[in-house]
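In what comes next, subunit A is part of two complexes: it sits with subunit B in the first one and with subunit C in the second one.
Take a look at the complex of A and B:
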């Protein structure tokens, strides 16, 4: 059926982004309304496609009428479909939260919606594409729209954050491009399935150089230590909904690309050990930095890096249990971190420095936002009955399966560290007296709606995890079964 | 000490990159890959004389849509970073930092300008026949505007017109792609649904030529917009919330 073609996920946001300035000339409020309609539509078709997906039969779409490997193809499988559905769902919620951007004026909101639209299109493109160079193009789109969104507030700090992000991001693109160049020289094709077959004959030394270039390039997007210097600045300078989309879309597409390249495209000895080490370093660095932060947004940003490190560790086990835990953590991180960033947008609205100690007693004056923040904090730390608990539990089980006992110790230690810094904030919100008068910004009804939906999902999955475990299991099987991915994209080609 | 460690790391990276690229023989023929298929299909099936264009616009047209978007993003994001007071917003005339060019340069620029535009248009209209295409033609057109911008302090670009050109050209690309979903044989995005015509005719290659003309307009408008943003005096628009 034409209407449910996955190409709409990319074509419609691009078309809207190009036309948005014209809509603004016709009738000004259209620049907020049209993106919402588009996000609602792509969220609807992605749910529709994903729920009706036949197991083991991903939707493979060819573009421009050429079958892979000659043309570019899109693969909507159990894994990519899961991530795309998550992204479109979050995109719609971010729009609900922010569509009423009255204060910033017409020109700024036009820019905001154009860049947000393209960030969504780019993240979806990275996830759906079955072509390695096409993935690079979409990574560029995500990266450049993120630079623009980081610099949304026109000030010295945001400009610095955006510039830092731009420098590191350009480095990332360069490394990915070099890796693709070397890979193309070795195999003569850019289709990921065909590379997966032909990569077996590449010289091992060359293969590890390519793998490391990919690891550095994609690691920057996935917030891997030590290439994540951009994260705290970008997350803390960008507006709240933008930080939520970075956590839910930018980081998710980065980790997806990393996982897809190392599980499906390139099989390299020892790459998962490297990923494990990098993941552990990322966790240690991030969690201990988070504890020392005095500003709320920076603390959340470091915590986000820590979560991404945990996801990397989960995927580095190269077992089904590990992938399952990684996917669960990805889901949790996207949903819970978005809630935390959305709530923090209102909590820090009235304070200039956005310091944690300015939040004393906010539980009384902003009851709803504080409650949402508290809920998010409980969930991300891993307390039952929230969805975060199941993610961490699965992670511990997967780690035990792989006999990595020191990693179990690390995860438990990190959980304690997380409790320390999140509860420090909750303590100030609820158990301190308000020490100075502040102007209160009550959340608007649309922000309340967006945060409530996220909170309901967190509690719903927490109480009844079977809501998503089925889908996660299917996604795990799809990612683990490289041969069937290749067979579905290129029916005439098989491994060996 | 820090610097020594950094240089050490850079040395390691440089060594491995060098050894990787040294193993790629310069100018040697690629191993058998997808290229033979492209060389065969471009003139025979697509009726496009310029194989590079058929790869850029058709086989890998989706990438090109992405690249056009990257350029669009660059101009949008640059506009948001380099804040500038527009003449029709505040009533103040925008200022250019460069001094007025000499009469020689001004006269020369005026003479060359129309020909530059014509050359650019020629290159993107013939993108499917001769070397070059939308990106090159668009860049040449933008060069023409750059020449005028540096020669005349009073030469201003109408941003409304740029917005319209960008929007219409960009959406032409996507809409032609979407029409492929409905009218083309395989119902694919960006698939050709117009008659392919005869090789080497101006009207050949179906949608490929049309898309490249749209790309030419879009690239020209965007680079011109970027140059204008960079050359005109900026206001430091500090956010009232900060500081």
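Take a look at the complex of A and C:
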């Protein structure tokens, strides 16, 4: 138990990220090996901590010996622990996939792994922290490392995508900072649990302004509708595994922060209605844009925005069923979208334009990668027996519980749209003749291993959803029970 | 005098923020956009310090000169936050300028309208 401490999630990747160039000086292959060891270790301790978590008793850690509300604390609860476990698991798989990624030479892999570790540390920090300003700092760590990762390939238009991302991202951080300032001015504290207690006395108008500022700021990382112009560019210009980690880590920590702020920290009337409307707009915008895309990566990026919109809608119901469905969709999105991005990395590798019509007949020449892509597509659309089916089913049940029948219609319509554009790709992969000779890039053994693990998880959860429903229920209860969160962080304060 | 100072500081902060926002959103030159983001940040930092100020307060340092006496101190928390925010702003500006250099090398221009390989 001594070794399993949530501090390692943040401290270890941050420390090794900056020591990595030094390790490289000693022995070059260490650059690739050390991140793997770190990711394996944090994945191991997050599983260990999460599986041994006592219900209703989250692990609260004080940093630097200052008790909350003065010091910064980390909260490893059923909900944050679930997201952290998901992030560390994906981080390890992304490492397995990119361990000897072909285009990455020594100098590049140094930068790549340093930035990837910073991204992981930042995303985990956003999820674990119990201090609102600290959350901002971690969001910035995540954001800056994502700019770097987006601009990673020098040959493409990646700098353009990264600059666009940076422009939107730094405007968003200004909004978050302004929201934190206004909040601090009102309550005089930065601890999330203490804010939750004192926020009841804030003027409702002021509270709505703060909530809207938070929504704009955090919505950018959560890929919410008007602020998601960066998503298709960043996802299509970044390396394949990076796109997978954006979907699995960056977007997940963004939606976590949004949900934590609106469920626990600030309770504002009408904010969930606004979230519902924004979510619906996000879905409509994204799914119909995805249908028109001719490039595979941009299509996947728009589809990812659509999934995030669906998650926002699920969380906006403010019911237990809604949160449960939202968590299930978060899990599905992280696992399935990562698989799709990892597979697309090899599918588009040998095509110059990365267009969908260049993929004709790839099912014969790249059987494994095509199979993985097809499996991911079937799962994300929501066909049984894959995990995507259970996510969508729970979503429909939750929507019906909230009596929002037009949302049910929308979800079904969107499923049809998804079928259209995903099956268009599958049709080209399997039912067309290859029209020109291309140099085939067989996936490396580690890429095969990473994709297989994801595929096994998708099928396993699809056939036997009870594997995770238990944990999701616990996470739902934790998020819904604001009073116990406050009590666990600050035993002397209570919600009255 | 005190009131004038208060309004002056808040006014300057909002003016800087609007100026920065204008530059970041309207200007076509990449470097000017980066400058705009930087000015926007500065305005916000000024607002932070202004919010933490308590009239006639001294620096929040516990020294023999103030301990035990009835001295008003300004709120140290916003100042600590501003220090962090300045460092973050510096980092973002550095990354932004590095990207501008890369864009200039590739497109030979800093005009945002001429860099349109991706849909803006």
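Here is the rule we use: the second predicted complex is superposed on the first by the 490 of 496 C-alpha atoms of A that agree within 3 Å, B and C clash if a C-alpha of one lies under 4 Å from a C-alpha of the other, contacts with A are read in each partner's own complex, and residues count from 1 in each chain.
The rule is simple: a contact is a pair of C-beta atoms (placed from the backbone, for glycine too) under 8 Å apart; a residue touches a chain by one contact, two chains touch by 3 or more.
Bear in mind that the values here come from a model prediction, so they are computed numbers and not experimental data.
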Next item on the list: Pick one for A:233: touches subunit B only (first), subunit C only (second), both, or neither.
Entry: second
Next item on the list: Could you say whether A:438 touches subunit B, subunit C, both of them, or neither, answering first, second, both or neither?
Entry: neither
Next item on the list: Tell me which of subunit B and subunit C touches more residues of subunit A.
Entry: B
Next item on the list: Tell me which partner A:133 touches in the superposition: subunit B (first), subunit C (second), both or neither.
Entry: both
Next item on the list: In the overlay, answer first, second, both or neither for which of subunit B and subunit C A:178 touches.
Entry: both
Margin query: If we overlay the two complexes on their shared chain A, which of subunit B and subunit C does A:162 touch? Say first, second, both or neither.
Written below: both
Check: Looking at the overlay, what does A:170 touch: subunit B (first), subunit C (second), both, or neither?
Finding: second
Next item on the list: Would you sort A:151 into first (subunit B), second (subunit C), both or neither based on which partner it touches?
Entry: both
Checklist line | Doubly contacted subunit A residues - partners subunit C and subunit B | finding: 133, 137, 140, 144, 147-148, 151, 154, 157, 159, 162, 178, 184-185, 190
Notebook entry, point to check: What part of subunit B is in contact with subunit A in the complex they form?
Noted result: 16-17, 19-21, 23-24, 30-35, 37-38, 41, 58-63, 65-67, 69-70, 72-74, 76-77, 79-81, 83, 163-164, 166-167, 170-171, 174-175, 177-178, 180-182, 184-192, 236-239, 241-243
Note to self: Using the touch definition from the top, list the residues of subunit A that touch subunit B in their complex.
What the structure shows: 2, 5, 7, 11, 14-15, 17-22, 25, 61-66, 69-72, 108, 111, 114-115, 118, 121, 125, 133-134, 137-138, 140-141, 144-145, 147-148, 151-157, 159, 162, 178, 182, 184-190, 203, 206, 209-210, 212, 352
Item checked: Sites on subunit C touched by subunit A in the complex -> 17, 21, 24, 30, 33, 37, 40-41, 44, 47-48, 51, 77-78, 81, 84-85, 88, 91-92, 95-96, 99-100, 102-103, 106, 115, 117-118, 120
Item checked: subunit C-facing residues of subunit A, complex -> 133, 137, 140, 143-144, 147-148, 151, 154, 157, 159-164, 166-167, 170-171, 173-174, 177-178, 180-181, 184-185, 190, 233, 237
